[in-house]
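Quick one: this structure, given as structure tokens, is what I'll be asking you about.
First chain written, first letter: the chains are A, B, C and D, and each begins at residue 1.
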Amino acid sequence: MKLFEYEAKTILAKYGIPTPIGGLATNVSQAREIATELKPPFVVKAQVLVAGRGKAGGILFSESIPEAGKAAEKLLNMRIKGIPVRSVWIEEKIQIEKELYLGITIDRVNRSHVAIASAVGGMAIEEIAAKAPEKVIKFLINPHYGFHSFHARQIARKMGYSGKQLVTLGKIFEKLYHVGMDYDAELIEMNPLAETFDGEFVAADARILIDNNALFRQQEYKKRLLEGESELTVQELEATRNNLAYVKLDGNIGVIGNGAGLVMATLDTIQYYGGKPANFLDVGGGATSERIATALDIVLSDSHVKALFINILGGITRCDEVARGILRAKEKVGVTKPMVIRLVGTNEEEGKRILTEAGIHVLESMEEAAQKVVEISKQ
Amino acid sequence: MKLFEYEAKTILAKYGIPTPIGGLATNVSQAREIATELKPPFVVKAQVLVAGRGKAGGILFSESIPEAGKAAEKLLNMRIKGIPVRSVWIEEKIQIEKELYLGITIDRVNRSHVAIASAVGGMAIEEIAAKAPEKVIKFLINPHYGFHSFHARQIARKMGYSGKQLVTLGKIFEKLYHVGMDYDAELIEMNPLAETFDGEFVAADARILIDNNALFRQQEYKKRLLEGESELTVQELEATRNNLAYVKLDGNIGVIGNGAGLVMATLDTIQYYGGKPANFLDVGGGATSERIATALDIVLSDSHVKALFINILGGITRCDEVARGILRAKEKVGVTKPMVIRLVGTNEEEGKRILTEAGIHVLESMEEAAQKVVEISKQ
Amino acid sequence: MGIIVDKNIRAIVQGITGTQGSFHTQLMLKYGTRIDAGVTPGKGGTQIHGVPVYDTVEAALEEYSANASIIFVPAPFAADAALEALENRIETIIIITEHIPIKDAVNLMAYAKKVKATVIGPNTPGIITPKECKLGIMPAHIFKPGGTGMVSRSGTLTYEIAASLTRNSIGQSTCLGLGGDPITGLNFIDVLEAFEKDPQTKDVVLIGEIGGNLEELTAEYIAKENYRKPVVAFIAGRSAPPGKRMGHAGAIIMGKAGGAENKIEALKSAGVKVAEKPSDVARLLGKAC
Amino acid sequence: MGIIVDKNIRAIVQGITGTQGSFHTQLMLKYGTRIDAGVTPGKGGTQIHGVPVYDTVEAALEEYSANASIIFVPAPFAADAALEALENRIETIIIITEHIPIKDAVNLMAYAKKVKATVIGPNTPGIITPKECKLGIMPAHIFKPGGTGMVSRSGTLTYEIAASLTRNSIGQSTCLGLGGDPITGLNFIDVLEAFEKDPQTKDVVLIGEIGGNLEELTAEYIAKENYRKPVVAFIAGRSAPPGKRMGHAGAIIMGKAGGAENKIEALKSAGVKVAEKPSDVARLLGKAC
């Protein structure tokens, strides 16, 4: 789960990491009020979760309070990549001499957290990482021994810092680690961490991604997620509420399956046969009939869906439960769109019996089923 | 630093450990008000830090609100081991079937925290520990791997529990560990942890000792300590404020030295020669002249002190600094009581010179000096 | 034979009294897997399908000397359950549970590494050495003994391909899922090494998916170490648009590495045959041998 | 010879730019201790008494291959400084700093044990092998080379007794303070074992104090292992009233164990001669030999 910039900065500030002074506004008068408390020039930043906000015009600079108000007004009436801007963050503009990168994320291969730092941060970081990977310093964190300020100082030295700046960077990086651990961050980064002309460091931008699997112990954000403050479509929100993995795609064949790999392979197969999937929906392992019914509800509520492909290979998921879920959904929402169902695995016989008795035809081969649903979708 | 029972219980409750419902009162009307919110019968408990509060009459039981008011009045006018009772904690009385002990403290030999549990707790715990140590379960906690609920369940099983109770005890013990770590507790214990007639567990009494060396990161309590809410004499309070280790004893020879071992040996030697030390005061390592002056101030403010013995063996402490401190105190408070000074070690020559020039005689042998001060104290 | 599990496995089931734990215990028993005991804190003293249940792993091990544990405990407690098994010296742990917090998984894997234990999962369908031992939730009837080792990042996709192999009379030595969570105990390379040493395994099927760079690293390993057994791969997610999350965190496309094309290219250059559809795997295996 | 430190020590000083660090670096250099470098984060590039200062231990070790570190860093950061030295593979650490939080010390010692390093302190006066190496804050002139090993829980009391030995022409092999904080890296038994193996050491002086049960355990060890060198002990705190804290947490009397009488009894039954006053130690050593 992505946090908004203002949320991330507020957390960093709580831990003593220097961030620009600022405030959040949801309307223009609020924005002006905040600006009055600050020293110009200002930066006014749209609070949206989509990437590429800057390039999309979501960050404006202003020299005066009226200008800041106008910038806020402009942003609050804007959509960025289709997402309406609901709030803006107004802060004092930092005089940046240099942009650094500091972050902590997961190293899957080494099964650990990894601290990442670069003396060349900002927009350039991805390019640097690709073209001059030796300029990006990586430090694997042993979970049993933790990340200490001396680790951070060793990294700061490799970034070319010494003296007081090395000490300051060390403290900032150690604090970033504590934020990351305390908030179950999958990714936490300051990019850029700005070095000012007087040699201080300020987190000019910050990003925190909370591990969704840990939201049960990050109740504050779990609640926020479910309150729909994030940029989700109706279907995505409903899926999130029900812990279903759903991704909207731009075709017309609704897909429901169990297991991310199988669902992806289903999409691949549909495409292989010339069809276009409308979504990815993974019901996960051991889905109950209620869950299957909810999944059907979500996929069918997308008006682009012309036909439905349910591909279940039962392991922990039981085919009889899936069958009951399909019948339940049929009863409740009255499914009228054509369905192709492929059902094999645990309790397969019982599942097939239930559906067959209800007059629903079940196929056994995924490829046969894919070909069939592509055919239907083109009618 | 000892926390009051009410402080400890409030912390435990914050972590979700069941504690009796109650409230803190500093006067009788407050006590009655709290009782109105509770279900009788009540327990009214004097909030003092001295041990043996129960035996000293500091815990009273009452069946009604007026009775609770009377109990509070009685306690608030009481002194326990010389300490005035400034507040009382009124709580609902628990119907106890059995008293357990759960605690976490430091195992110095193994250099780790140790979880301690016994199915026989309460007043009996010390006796059990002495007579039937096999009934006390000890589990060494590896700091890198932590104490998990399954460790706690393994302990609960050894205590004779199973089923739902084992699970509950596991959760409580794991939470106790987290409190202990978060608050830098040197000792944290629930004694008794009461098992009620319906099989639930409630922390009937709780004790937390915060590691004094970690008070810098437990600011809330550090502040409270310095505000003098704890039961310290004027001298003890002044010593604490100045990070000096001071203990009042019942003799008439004031003692100041550097290093706990040396000061203890000094007390031993005074006693060996028939004298009686008035206090223990360790200025620690590397004391500055200000610090020495403060130490003199504290010891001399005790009216029982007839003569003063300063025993300094300089290592990290510099004899010249000590000498300057003595002169400073002499100037400031006008020391009139007889002083015996023994000064050897780092910068010894300079120290002796400073004192000799000021007309103060310095000895080299600790035993000679001890004999001399004992002699003076008997005049 | 096969790898990691065989007839000598004596297992316990942690979380045996839950719906999934109980259901799959019955299926594993039916398959002939030796399950000595179950563990569910608070349910000690009961029985599930004739298997005695204990409150703690320690208590179970006082009665039985198990060497493996399969875990069905809910995600917030699953890493702790695995640590409990490891601290009680169980050497092979299979974690069926999905969605374990990353921080917990990282801690767990570091501990497992220290004590040199094998962790399969989390979010794995488990492991099966057909006709010898099944510690997992896979439908048993789609497997048959044989010479093909299978390793996968995906659960149900493994069944898809295993069933297709079995239909084509290609039996399996051992099939196992690495697990779909971001942090897993084993990676492809660990398993390929084991398959190389296993006399029963003649060739290997590797089922990858988009996200991360495990497949790329594996391709590098195969090429560099001159891997001695034929490998056929399938990579799910060719049709995934870049930047979209498909189900679990594993499926984020990151730069060039992580995309299906990149993985397929890397594997092909290492001499691995890559199938276009799941059903092509069986055909390519025929050619590979 | 002597134990732990000798002429082969090449040390760094962590916290070299502080008042104490700087002052004692000068004294250690004067004593002939080889100090290659100092470390104070933020002060890299400067010099103290001719010793180059670095920002990190890693940086210092790129220039010098030190094998010991003495730490004068303030308590809130001292455990971290020790970890920095240990992670950079320094094998012997002397922590002069007192009042390190217990939790930090516990973590540190567990790490030191894992990497098999020697930690002296915290809250120790350090270690001296007279005329060979001094890594500590003890006044040097009170020591002279010889055959008596000294180990102590107390700083200044050690000087008291060492000075008295030297005055009586009893030289020392190595003198070290375990440290006065509740958690220390070494205990009496570790040091007695080292003294037993050291050919220079002929007899041992053990200086204990009230609190804890280290002395009792040591008495048990001496008796059980039939310790082969004569031991003379002094225990501070005979006059302490029960239940009073005397300075540091070590000095709490807990039940029977922990009190001076109990410790003295235990040591005497193990064949250790126990002195009544510091000055008696020299006399008893004469008798012990």
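Please note the rule applied: a residue touches a chain if its C-beta (ideal position, glycine included) is under 8 Å from a C-beta of that chain, and two chains touch if they have at least 3 such contacts.
Everything numeric in this text was worked out from a predicted model, so none of it was measured.
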Shared chain contacts [subunit A and subunit B, defined touch]: C, D
Chain pair with more C-beta contacts, A-C versus B-C: A-C
Chain whose mean Cα position lies farthest from subunit B: C
Distance between the centres, which are taken as Cα means, of subunit C and subunit B, whole angstrom: 54
Centre distance in Å when subunit B and subunit D are each reduced to the mean of their C-alpha atoms: 27
Interchain centroid distance [CA atoms averaged], subunit C/subunit D, Å: 52
For subunit A, residues that touch 2 or more chains besides their own: 144-145
Per-residue multi-chain contacts in subunit D, two or more chains: 111
Chain-level touch network, classified as line, ring, star, complete or other: other
Those chain pairs that satisfy the touch definition: A-B, A-C, A-D, B-C, B-D
Partner subunit D, residues of subunit B touching it in the complex: 51, 106, 108-109, 111-113, 126, 130, 142-144, 181, 184, 186, 211-214, 216-217, 245, 247, 249, 257-265, 267-272, 277, 280, 282, 284-286, 313-318, 344-346, 348, 365-367
Contact set on subunit C toward subunit A in their complex: 19-20, 23-24, 27, 75-76, 96, 98-107, 109-111, 113, 125, 136-139, 142, 152-160, 163, 180-185, 187, 207, 209-210, 212-214, 217, 234, 236-241, 243-251, 255, 276-279
Subunit A - residues contacting subunit B, complex: 144-145
Contact set on subunit D toward subunit A in their complex: 41-45, 55-59, 77, 80-81, 83-84, 87, 111
Residues on subunit A engaged by subunit D in the complex (per definition of touch): 145, 148-150, 153-154, 157, 162-164, 166-167, 170
